[in-house]
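Shared between the two complexes below is subunit A, which has subunit B as its partner in the first and subunit C in the second.
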Partner chain A sequence: MKCTVCKAPAVIDIRRHNANFCAEHFLRLCRDQVVKAIKDFTMIEPSDRVLVAVSGGKDSLAVWDILVELGYQADGLYLGLGIGDYSDASGEMARAFAHDRGWKLLEVDLPTEHGFDIPTGAKAARRVPCSACGLSKRHLFDEAARTGGYDVLVTGHNLDDEAAVLFGNVLHWQTDYLGRQLPVLPARPGFPRKVKPLVRLGEREMAAYCVLRGIDYIVEECPMAAGNRHLGYKDALNAIEAVSPGTKHDFYFGFLARASELFTPAVAAEQELLQVCARCGAPTPGELCAFCRLVDRATDREPVPVSLGRRPG
Partner chain B sequence: MKCTVCKAPAVIDIRRHNANFCAEHFLRLCRDQVVKAIKDFTMIEPSDRVLVAVSGGKDSLAVWDILVELGYQADGLYLGLGIGDYSDASGEMARAFAHDRGWKLLEVDLPTEHGFDIPTGAKAARRVPCSACGLSKRHLFDEAARTGGYDVLVTGHNLDDEAAVLFGNVLHWQTDYLGRQLPVLPARPGFPRKVKPLVRLGEREMAAYCVLRGIDYIVEECPMAAGNRHLGYKDALNAIEAVSPGTKHDFYFGFLARASELFTPAVAAEQELLQVCARCGAPTPGELCAFCRLVDRATDREPVPVSLGRRPG
Partner chain C sequence: MKVRLRNPKRELDVPGPVRVHALLERLELNRETVLVIRGDTLVPGDVLLDDSDVVEIRPVISGGAV
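So, the complex of A and B:
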């Protein structure tokens, strides 16, 4: 197997590109794909102050690494979500990565600052953990970007993530989510632009990127996500991709090119009706936003005991 | 396992209904689901003359059986497509079914009437066999219904079929197909209404229906379809359905309820531009329709030799 670019021995094949790459040209491919995504969707301006949401996993560390390589002014943001050992280990990964490079990492700790962790919050609000976690993260991302004066918030969602989310939204025809599933969400008053520069790169490529760049990342999936539907959607798409390489790419980018705009008018109409959360200022259809209601539910009552690998203390 | 209706021993469970059924109540369920589909989508009027496209497989024989049970005036139509042993066996099944009940079965033989079979036609037109077959069947269905004076053409597409077709159309965002994927296509001048009364019933239910009604059907899949993408889409959806029963139903009916109409305007605009085929009168964007062009290609040249299980003679 030889590099399609230089004919040196290849270290990875990418079937949907029908190409193989040596380490050097694979790393260049990853950067080029990020450059193309940023350009095609007008994600980041050179003068923007960029905040990268960093979980300690391969995708977020890789995107931070690539953005700095590309010359962007990018700081990191790590959220402590109180998910037992998993949070401890992922925080250490993020801190070590930033420390080794001398890059700035902001930290926000949900239990310290808001008095609850994700397992407790999810139980109190009777939400599935991934739902309570997602809405908490969105809120804390927004808040950190606003208070830090950042223009853009970057997340490490890759092509596999976006294709699986799209598949779930399509399977249930969640037309409101379909109208919002874009690689760029524009800034709104007090809220940063949100962008996903890895949408042209897959999970396997991001793992290879980290290995080749010597980036140490947390390999485990979040224990609260185990067995969730999203992972089942990934498996189903992987089975199809194995037979027809490129299907995931066509599915996601075909949606953006030919279908996404059909779903946006309903969302725009909905957003017209949003008010401002009486407590935190986030857009909300009610008086209090979903995060502030989650805080109330999670802290009004005694913390619910959770096991899930948490150590006492 | 007991029947959810009468507590007698059950013969089948249907997980997406979270229910079990004895033979009597399962057969009633099948009929009720067909009645509901016909009513919800205004498929068939009691006075309609109905033509059922019969392949000899479980779905088409079952839907013919159910429609006659429900009191509709339904004749059958068998198309000989010249797919070797498979066509011979499926034709025998269809004829035996009709003969045993004294029901009227029309027959059209593609090789006899148009001078080519599907394997030859597909090779000559450089189409995949399922594509050449689909367009030939649509043409021959229309023609038989028109010359026979039928109001409605019924096909046996079940929920699994429609969900898999929808999945394929969504994976590639074939927005024109999405605008036309409806359980009822209205009549146009010279063409019958086309309806799919089995959209509320799955593949497994149709097999069980046939077994319980003593209907002998051809079990084999068409040999030309083996390994096609459609079967891969069915597998992927089955894996998700196994974890979350009801997903296929929600996917298909959610599409009809909340998304289908978003795709119809583009199709309507396209149909405005259709002309009439100079040879056969079918709607077409060009001068000759796809079927008449297929006939030309398949018969202008020497028949291409095909293997695929055909016996000489």
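So, the complex of A and C:
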């Protein structure tokens, strides 16, 4: 198998592009796809201060690496979520990555700063763990970007993530979520601009990027995500992709081009109704935001071990 | 050859020679969901693996809160 660009021996084949790449041209492809996403969706300006949400996994470390390579001023943000050994290992990966490169990594520890961890918060709020985790992360990302004076928050969501979320939202006709599923969410009072520069790159490409760049990342899956619905949607889409390469790309980018606008007016109307959380100042439709309500329920609860916190999503 | 897998971590002995794509089919793995790594680099689907090779089959799927 030869590189489609230079005819040197290839290290990876990408069926949806009907192409093979050597290491050099594959890494260039990844950077080019990020440049195109940033340009097409007006994600980041050269003068922006960028905060990258870093989990220690392949996507977030890769996007941080690519953005700095492209010349952006990007710092990292790691959230300690208290998910047992998994959080310990992922934190070490994020710290080692930042330390080796001399890059700035901010850290927020949920148990230390808010008095609960994800297994305990999920049980107290009677939410599935991924729901309590997502809610906490979104709140803490927004807060860190706001207090740190960052213009834009970057997350490592890739094409597979976005296609799987879209698949779930369409299956259940979650029209409010469909209206928000965009590669860029503009800044609003209380929220930084949020962008997803990896939407043109698949999960397998991001793992390959890390291997070829020598980036050590946490390969193991979060123990609390095992068996969740999102992973089921990914399995289903990958089964289709195996027989019809390019389906995930067409599904997601077709939605953005031809359908997403149908769902945005309802979201805009919903945003008009937001007020300020009486406790933390975050935007919320009620008196207290969802995160502050979670803190109230979870604080001072008996800690829940990780294995007991696992429930199907 | 030695084939290292994860989730759960285990090691299999698979007779070679065998091409990467055929190995994945034999193990009933979707090629969209894994990378095959020999030494410190990737090997594409048409590479012939020998009996003496040690390869890692690394899952690429992540899926927590999004």
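Following the convention adopted for this analysis, the second predicted complex is superposed on the first by the 298 of 313 C-alpha atoms of A that agree within 3 Å, B and C clash if a C-alpha of one lies under 4 Å from a C-alpha of the other, contacts with A are read in each partner's own complex, and residues count from 1 in each chain.
Here is the rule we go by: a residue touches a chain if its C-beta (ideal position, glycine included) is under 8 Å from a C-beta of that chain, and two chains touch if they have at least 3 such contacts.
Just so it is clear, the model here is predicted, and its values are computed rather than measured.
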{"item": "Touching partner for A:30 - first (subunit B), second (subunit C), both, neither", "value": "neither"}
{"item": "Greater residue coverage of subunit A in the superposed arrangement, subunit B or subunit C", "value": "C"}
{"item": "Which of subunit B and subunit C A:251 touches, first, second, both or neither", "value": "first"}
{"item": "Partner chain(s) touched by A:13 [first = subunit B, second = subunit C, both, neither]", "value": "second"}
{"item": "Which of subunit B and subunit C A:74 touches, first, second, both or neither", "value": "neither"}
{"item": "Touched partner set for A:206, first subunit B, second subunit C, both or neither", "value": "second"}
{"item": "Which superposed partner A:175 touches (first subunit B, second subunit C, both, neither)", "value": "first"}
{"item": "Partner chain(s) touched by A:57 [first = subunit B, second = subunit C, both, neither]", "value": "second"}
{"item": "Which superposed partner A:239 touches (first subunit B, second subunit C, both, neither)", "value": "both"}
{"item": "Touched partner set for A:154, first subunit B, second subunit C, both or neither", "value": "neither"}
{"item": "Subunit A residues contacted in one complex by subunit B, in the other by subunit C", "value": "239"}
{"item": "Partner subunit A, residues of subunit C touching it in the complex", "value": "6-7, 30-35, 37, 40-47, 58-66"}
{"item": "Subunit C partner contacts - residues on subunit A that touch it in the complex", "value": "1, 10-13, 15, 20, 23, 57-59, 130-131, 133-134, 137, 157, 160-161, 164-165, 202-204, 206-208, 211-212, 214, 219-222, 224-225, 228, 230-231, 234, 238-239, 241-242"}
{"item": "Complex contacts: residues of subunit B adjacent to subunit A", "value": "170-173, 175, 229, 232-233, 235-237, 239-240, 243-244, 247, 250-251, 254-255, 257-259, 262-263"}
